[in-house]
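A, B, C and D label the chains in the order they appear, each numbered from 1.
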């Protein structure tokens, strides 16, 4: 029963369905350096129904927990960058950071946007002055959340996509996971975009190729678990009576400030590398600081 | 000669033209409580050329300096709210906070947006639940600056205006003043919108009724003075040799963090009162915190 | 069995010992306005052993959850202020904010210090200028944590107490609770100071009347629960196998930024009212902003 | 006449006294890589009177302006580290960050403290676990300012020095300069400590070898200029009538947030290298993040 379990991670949905994979699903895991990378492909609509995620590709990079220092930082950024590049079509891109910058565990998107190297507006003489050539056009925006703006995020993004006509959109968002241990320790990359309430067709709210007209790559890091999930998980599926006040609570690690800071660097630098393959990581770091 | 003097304040432009007003300009000053309010009207294109500001109405509210506590806070918010309301047409409005949230003296716009009560998305049952009725539709966005987004701000706003079709736009921005003493001590409200490089028709960059199709009210607070202005001002117009490094420097008061915080409250609460006349100031404060 | 249950709240320790109170413990609850206030007195060393908290008085104020707006804010501040005043001796006081300002759920202490009205240094003419008379000497410091400073907090505070010789110390700290529902919804005030690892005499680490030579009032708000506690709690005491990575994790609500901001205001304004009974709440707010 | 000119930089005081050096003063400039380093020695009390700075050594490192990215960052950190090391005696050290963290141009000290690698408390097994050996004992504190704490900073530091008995103190503070062009573009290192109102013996307020009993190295970066200085400077010494409101204003560059962030990194990493010569810069960066 998945009813009370909320997760945005395809790998966690798979675990729920039992030890063997359902038909129409492929999964393989590769370890790059010290970093496990799992690629899941949901190939059929029926598999999508079973698993509760849309048809598409989902890559999970298991990073060092983002609240700890790692000497492997550079490699992890490159893995994230490579996986995004594999899913990203050529041409100008719009990077969108979802979430509320005033709530730390929800601030991944806005923090990533602060570290994206926007190039769409650069004049022709920039290459001559800086020495950086062959840059792909990149735009970046953190539109805020519905409660702040009064406007559905999908409406804002749709309007901007029509205005600047990118060839692809990259959407960043903080995710919910089922397992506490995955919080701040995983990056998920998919080519499915973001569709709240999967299965329900609500085009006003989704950011997908269907709604925007161009491919949408979604990149996320789990930063919260909801209390119902923890309760279900710990009780081996037995009914659990959560106190009323705790029912809709989301929990997040104590080190969430550091997690968001480091996760934003890993994701943003990875996106910059994917968008601008002619730049090195140290070019990227110097350009966005 | 205004050449080296940069100011966004109409009242300062007037001072430059000498003791008597040029033809086509009206100015009167009223003191409300302890707060001087100056209203300037530029009535003709010729006056606009002379003064260097577009035809329209400009209201200057001389507040207590925003880095000091004032027991007159509530009155000043109400004055700002009333002056905005006088210029603002009825109907749904979009509030736009210009500027870069990462540079404190430029962060007025984004900070105001954090304090705007967005209502456009509220469901019909909100009035019943909250007791707040007859709310005007309000949306709010801080789009970031060109260097961060790669997109002209005017393009973003124009796209959103077409999408959500408000009846008016309110634009907030940090301003440059000529006099150090005005920094963080004045709110300017005008019905002219914002047009960088006045006189030059650059519709891609301006936020005006002409470019957006609806009235645009601009609200700003001076937070910087440029060094050339200080130099000119102190030397009584004599030629001044600024050191090369200082030439393009903008200066700002040491207490800029407090100034931005308090100016954002005054402007945002004033806008909320102008948009929602049925709310009291304490309603507004409770709704946005 | 209390072994795996970590809580800093005396009321929660009592619940653990069963439905009836152990000998040597008194507890009564009063509702002030809408706010339940529970006062626990641990009277004997034997009761202290049973309960796991030192002999002394513990007051728990059950506030509106700090991430929600409440029109009852003013009353709650006054209740917190009155309860602190009841425990606080006369004379100059030192207010100490424990915790790490860089980790939001641990930042309660430093945030409170930012809102304390320090008066110890005010010159004699301050009363004449401001109109505020009969102010008690108050000093305030947020010393940082051992990992940042390399110095035991108790060493720093002890040195300052010897230097400025206050008649009382008020210590603020973020607390751990057992119940998720109490996070950000309770203020605990006690006259026992703070002694990590109760029962173990470690004077270098404790902030108590014994170690500092003056009464120490402790004020705290629960902001984290540890995962072991959640696991124990949800499994009705059955053995639980937590995943290795989750074992030492602390969890905190998603709205922790707002909780800390509002909790700091309630605690700090309450302390200011307790220290300076001649001031009104609006005096206090104006003096610390 | 120095009367209206306020500067904390010894090199700027020298300029004031005319083209030739006064007796008892030595000055030489060396360019290390691309970075000019000026060393001034004030050798006699008479020279100290003439110049308005105490007897001692003053090193000025002219860095790339801290609001710009520089590929020379690593070299500049090493120069700052080497100059501090030259003045710093052996043995355990206490690093003190002066200033108010809530006022950006005054926040250099607290920001540096956030990046100091505190080692005094590390257990013997740290070397075995981390591989970092032969670490010098380092403690670090940002005590806040008198207006926040109610306690003279010198009292707090004196109490802590007596408690932990370091062999040297390093004090970091934001400075005032005379020239706008020096703001955020210079690090001054001296062996004189910090004595407000030089010439006046006020031991309660100074942080010097005389007051603390151990050598005090002062490290600072100019972040503000006062308006009187700007006025005097631009008017070639002619009398200037500043508007009343501007008279006591301090001005600071618009990019002050970035300046403080990068200046804090340069100073803090330099201090860490000076304290722990066995560490590389990348060790330092990984240890403090």
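Assume contacts are C-beta pairs under 8 Å (C-beta built on N, C-alpha and C of every residue); 3 or more make two chains touch, one makes a residue touch a chain.
Heads up on the chains, UniProt names are A, B, C, D = Germination protease.
Note that the structure is a prediction, hence the values are computed from the model and not measured.
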Checklist entry - Copies chain C and chain D touch; is their interface built from the same residue numbers (over half shared) or different ones? => result same
Checklist outcome for this item: Farthest chain from chain B by C-alpha centroid distance is chain C
Checklist entry - Any idea how many Å lie between the Cα centroids of chain B and chain C? => result 43
Item to check | Where chain A and chain B are represented by their mean Cα positions, the distance between them in whole Å | outcome: 36
Item to check | Residues within chain D bordering two or more other chains | outcome: 102
Next on the checklist: Quick check of your reading of the touch definition: is the inter-chain graph here a line, ring, star, complete or other?
Outcome noted: complete
Item to check | Parts of chain A lying in touch with chain B, wherever the complex brings them together | outcome: 102, 113-114, 118-122, 137-144, 146-152, 155-156, 158-160, 162-164
Item to check | Of all residues in chain C, those that touch chain B in their complex | outcome: 69, 71, 286-287, 289
Item to check | Complex contacts: residues of chain D adjacent to chain B | outcome: 65, 102-106, 179-181, 183, 185, 224-225, 227, 230-231, 234-235, 240, 243-246, 249-258
